[in-house]
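Paired with chain B in one complex and with chain C in the other, chain A is shared by the two complexes that follow.
Presenting the complex of A and B:
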């Protein structure tokens, strides 16, 4: 177990280094300068700017000095937000994206599993069909349609919830639900399919025959093995919810990390892009590792090697 | 994303929402939708309007603007101008920084020196170039700041020596880059000096908090010199970039004022325009096409004229922009006091065809295909498509469209790797020179490869002419060369400034050419007895 963890963590280092390298060169080689604007800048001022942000010298020198700064934990100053370090921007906005993504994650798993189990138990009956239809709807309505509709109904028409902003539970409810819905649909379908495979098995029949309460059969003997595909999906799901929250963050005016990713690319803010990409990659690696550990814990047949 | 169907759906949603707008009673807190997240709050570094609005609340220069955009005394209570219009003597009032320390003329000298320091790399430093030796200092050719034309005669008198008479100099002094900055704080905290708790200002408001990409909270500065005229104790400036999010907040009463014209959902402008809270006014900015005159066939002015004469601007505005814009036949928008821009080439397809034939391409035969470059945006694309069709129909010229993402587009324009490119320019001060100066040969903003001896001479003459009327006549003559004879540019429309606010509720906001709306003048109107109490 410990060996496995160590191996995975050391394996993550070259991956992250590769991510930084690729991002750095892609942004630096893209046409356009981080300092260009509608107004021309005198060459002397451009030189000063490049020196200030350590973007002078050859591309290789810029790269090596940047990597050495990153290894010391310094993600550097953003070139667009002139007085902010990338560390500061991520420090202020990542918790918000995490809170939004985390709530959506809980909603997606909670509703998805409940709906999936219900559909499997009522296989081929009304409830099953209803869940199937809802899942299809959830999967096929894109968030940029769903979110404005939700705002129209819940905020502008019925005035139940605020149309945007951040702060309390009321502000969180609409964006987290809109973000969670498509993923809840996937989880529900996975759960349903998995449960349908497990429920006809002999040991479930045995459990029923010896008179165990049906809740115990369903949730202990049925759901635990049936949740393996869901756990495998949860790693990428968590990463998706964090990285995919951009559209929702924009529609609801939530100041998470997502918008800086796009803004950074558009304004050629190389350090902001590399910093945000680094954090996203680290999260992706982390969640996948957690998913593997959870699979091993749930199913003793899974070998951590 | 961004497919037609989603837009149609969104339109439907907003039309329903229009009917539902209602607004809460007056409060002690004004919530403003300010546009994108400010890139900085250092008044000498910032370039954009969202930053400018906050900086104007935190810092006040020698002069200030009122709600109508007029230049009014700020920290300078009055100023004396020498007969040749070149020496300004500003008499400062007694005022202090928000920490209570006195604000002196020396503070202004030191702050202006900081702005001009090559290491500051201030992008708007060229606004100082009207001052003697400022350009040489900024470009690093001159090391001794005492030779720059700014000095403090005593703690309350500031003298500025200019290169030539500059009648708009008081207006320049209200720009953020001319603000005083607290140098002791800057030295102590470095890049962090603009953060809440550290920033010291001299404007009507103080920085209370700043949450990245969320909001900036300002609170009234009790030490501001005309503190008693500031009526709203708190201001929250929200950082929102998406027009629909801004509109949702406004429509549901969560925001009082939408200030940025980029934040108005354009796809239902025609409906929005009818609403009482929609306010649009002429804005000192021009949307135009730049023509690269350095290569054939566009090096022939007859062809450039033909291109301009064939475009029906009225129709573009009526069908595409729809925000109250005005057709442009000159570079300088109308409205600058004392200046009527020359009437350039209007819509005359017959003359356009004749000119094209004279240039050797009757009916467009043999004319090489052109490429029209624009930065990716829905409206730029609509306008380009329309103009592409017009040139094909009227002149028989085939044009291909090329759109590039903003930074790539800037690169292409600045390196003259284009034939015709969409452009725009926003005036920095109310004088034609802010537009005409761009097309001087040495200007970094020319980007057309065009220069003209007569144009250079007229502008040079204007910069040394004291009498305002003659000066403006010279500028008028120069602009006529630009828009009637040479046409390195093809003006299309003059922008409008758009705001959303309920006039019955908010006062102290007025239409003005520079689209400046100082927070210190805004107030909540007392509720009249007839109003219902429902929020």
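Presenting the complex of A and C:
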């Protein structure tokens, strides 16, 4: 177990290094510099600027000095948001993005598993059909279709919830559910399929025969082994929620990491883009590690290696 | 999914038929619709933000353009990007998967680990970076080659490429697992014994057996690419004006709503069109996969 954790964590280092390298060179090799604005800048000032943002010297020197700075925990100054460090920007926006993504994750799993179990229990009856139709619908309605419609109905027409902003639970409810619903459909399908495989098994019949309460049978004996495919989907789900939050933040005017990322790409802000991509990738790697641990805990036959 | 291990009967149910018919309808509408309309998608009209009426079945947008016509043109572009992007992903994914599966051993393990890794990285973010950065050089080359007339399509071309580069993962997995099975088949062993080159075996003995499964997953890749394209266009990083895809129209619609003037038609119709397209492709692809790929459950 400890060996597994150590190996996975050391394995993450080359991946993160690769992510930094790719983003750094992609952004730096692209035409247009962070300083090429509307006005032409005199060469002397340009030199000054490049020195300040450590973008002088050969590309290789820039790269090596950047990597060493990152290893020391310094993600450097943003060239788009002058005078703000990338560390600072991420420090401010990461909690927002995590709150949004985390609640969407919880909603997707909660609704998805509940609907999937319900459909499996009522296999081939009305409820099952209803869940299946809703799932295909949910899969086909992406969150960026759902979100403006939800704003139109809930905020502008019925004036129930604020159309944007960030603060308390009321502000969170609409963006998080719009982000979560399409993925809740995926989770529901996975849950339904795997519950349908588990429920006809002999040990479930035994549990019924000896008179266990049906809630115990469903959620302890049934759902625990049936949740393996859901745990395996958790990694891709987190990745999808991350990218999905780019548009959700845009629509609801939430100043999370996504909005800064898009702005950074457009203005060639190499350190902001590399920093945010690094954080995204680190989050996802950590998340996949957790998912692997969870699946080993759920099914003792899974070997952590 | 089937508890008793039977293959589902090879019969299309009501929903699948409906999906196939509606897909055909959408395709025909996207191809021929703009020709039949009496408006043009780019023509700026006098009546802006008109409610849906007999003159404008789906109303007009803020510049007075007929929404139905724009929608049909948008669907055209979305389908175009979807098909070409899926094709790029097909080429990359099946080559990659076939190589991994046929090579086996360490190579296979390494290649598949990369796929697993990419699955859990926010790959669409790389596409965003790629598109934003490759655009200017591509434009320069086009101008250099005296192909300036192609300039409006440079973004669309980058979308084919970028989305194809991202959406090949599932295809690679599926092809690899199929090649692993085929590799052990007697006719492949026979080809190896008579000294055919690995390339020849892949091309003439294995590839023909992959066509069915590849076609099925292609049907499922098209909606994924259309979805990703709409996502990027919504952010303003996809198809650019004057062309518009369903995602661009949706973004326009989202911009146009405010508490004073609720132009609901600008949201409901593009959103509905996108959902309808995705639904029919997904429903069809799902059913085909259940029929032709029993291993996927």
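Convention: the second predicted complex is superposed on the first by the 303 of 305 C-alpha atoms of A that agree within 3 Å, B and C clash if a C-alpha of one lies under 4 Å from a C-alpha of the other, contacts with A are read in each partner's own complex, and residues count from 1 in each chain.
One rule holds for everything that comes next: contacts are C-beta pairs under 8 Å (C-beta built on N, C-alpha and C of every residue); 3 or more make two chains touch, one makes a residue touch a chain.
Because the structure is predicted, anything quoted here is derived from the model rather than measured.
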Margin query: Just to be sure I read the superposition right, which of the two partners does A:200 touch: chain B = first, chain C = second, or both, or neither?
Written below: second
Note to self: For A:281, using the defined touch cut-off, is the partner it touches chain B, chain C, both, or neither? Pick first, second, both or neither.
What the structure shows: second
Margin query: Which partner chains sit in contact with A:17 here, chain B, chain C, both or neither? Use first/second/both/neither.
Written below: neither
Notebook entry, point to check: Counting only touches as set out at the top, which of chain B and chain C does A:157 meet: first, second, both, neither?
Noted result: both
Margin query: Per the contact definition in the header, classify A:242: touching chain B only (first), chain C only (second), both, or neither.
Written below: second
Next item on the list: Tell me which partner A:262 touches in the superposition: chain B (first), chain C (second), both or neither.
Entry: second
Note to self: With both complexes overlaid on chain A, does A:114 touch chain B (first), chain C (second), both or neither?
What the structure shows: neither
Next item on the list: Based on the superposed arrangement, let me know which partner A:130 touches: chain B (first), chain C (second), both, or neither?
Entry: neither
Notebook entry, point to check: A:82 contacts which: chain B (first), chain C (second), both, neither?
Noted result: first
Checklist line | Shared contact residues on chain A - chain B and chain C | finding: 30-32, 142, 144-145, 148-149, 151-152, 156-157, 247, 250-251, 266
Check: Tell me, which parts of chain C touch chain A in their complex?
Finding: 1, 3, 117, 119-126, 128-130, 132-134, 136-137, 140, 223, 227, 230-231, 234-235, 237, 247, 250, 253-254, 257-259, 262, 264, 267-268, 271, 274-276, 278-279, 282-283, 286, 297
Next item on the list: Would you pull the chain A residues touching chain B in the complex into a rising list?
Entry: 30-33, 36-42, 44-46, 48-49, 52, 77, 80-85, 88-89, 92-93, 142, 144-145, 148-149, 151-152, 155-157, 159, 162-166, 247, 250-253, 255-256, 259-260, 266-268
Notebook entry, point to check: Along chain B, where are the residues that touch chain A in the complex?
Noted result: 1, 6, 9-10, 13, 16-17, 20, 37, 39-42, 45, 47, 118-126, 138-140, 191-195, 211-214, 238-242, 244-246, 248-249, 251-252, 254, 405-408, 410-411, 414, 424-425, 443-445, 447
Check: In the complex of these two chains, what residues of chain A are touching chain C?
Finding: 15, 19, 22-23, 26-27, 29-32, 136-137, 139-142, 144-145, 147-149, 151-152, 156-157, 193, 196-197, 200, 235-236, 238-239, 242-243, 246-247, 250-251, 261-262, 265-266, 273, 277, 280-281, 284-285, 287-288
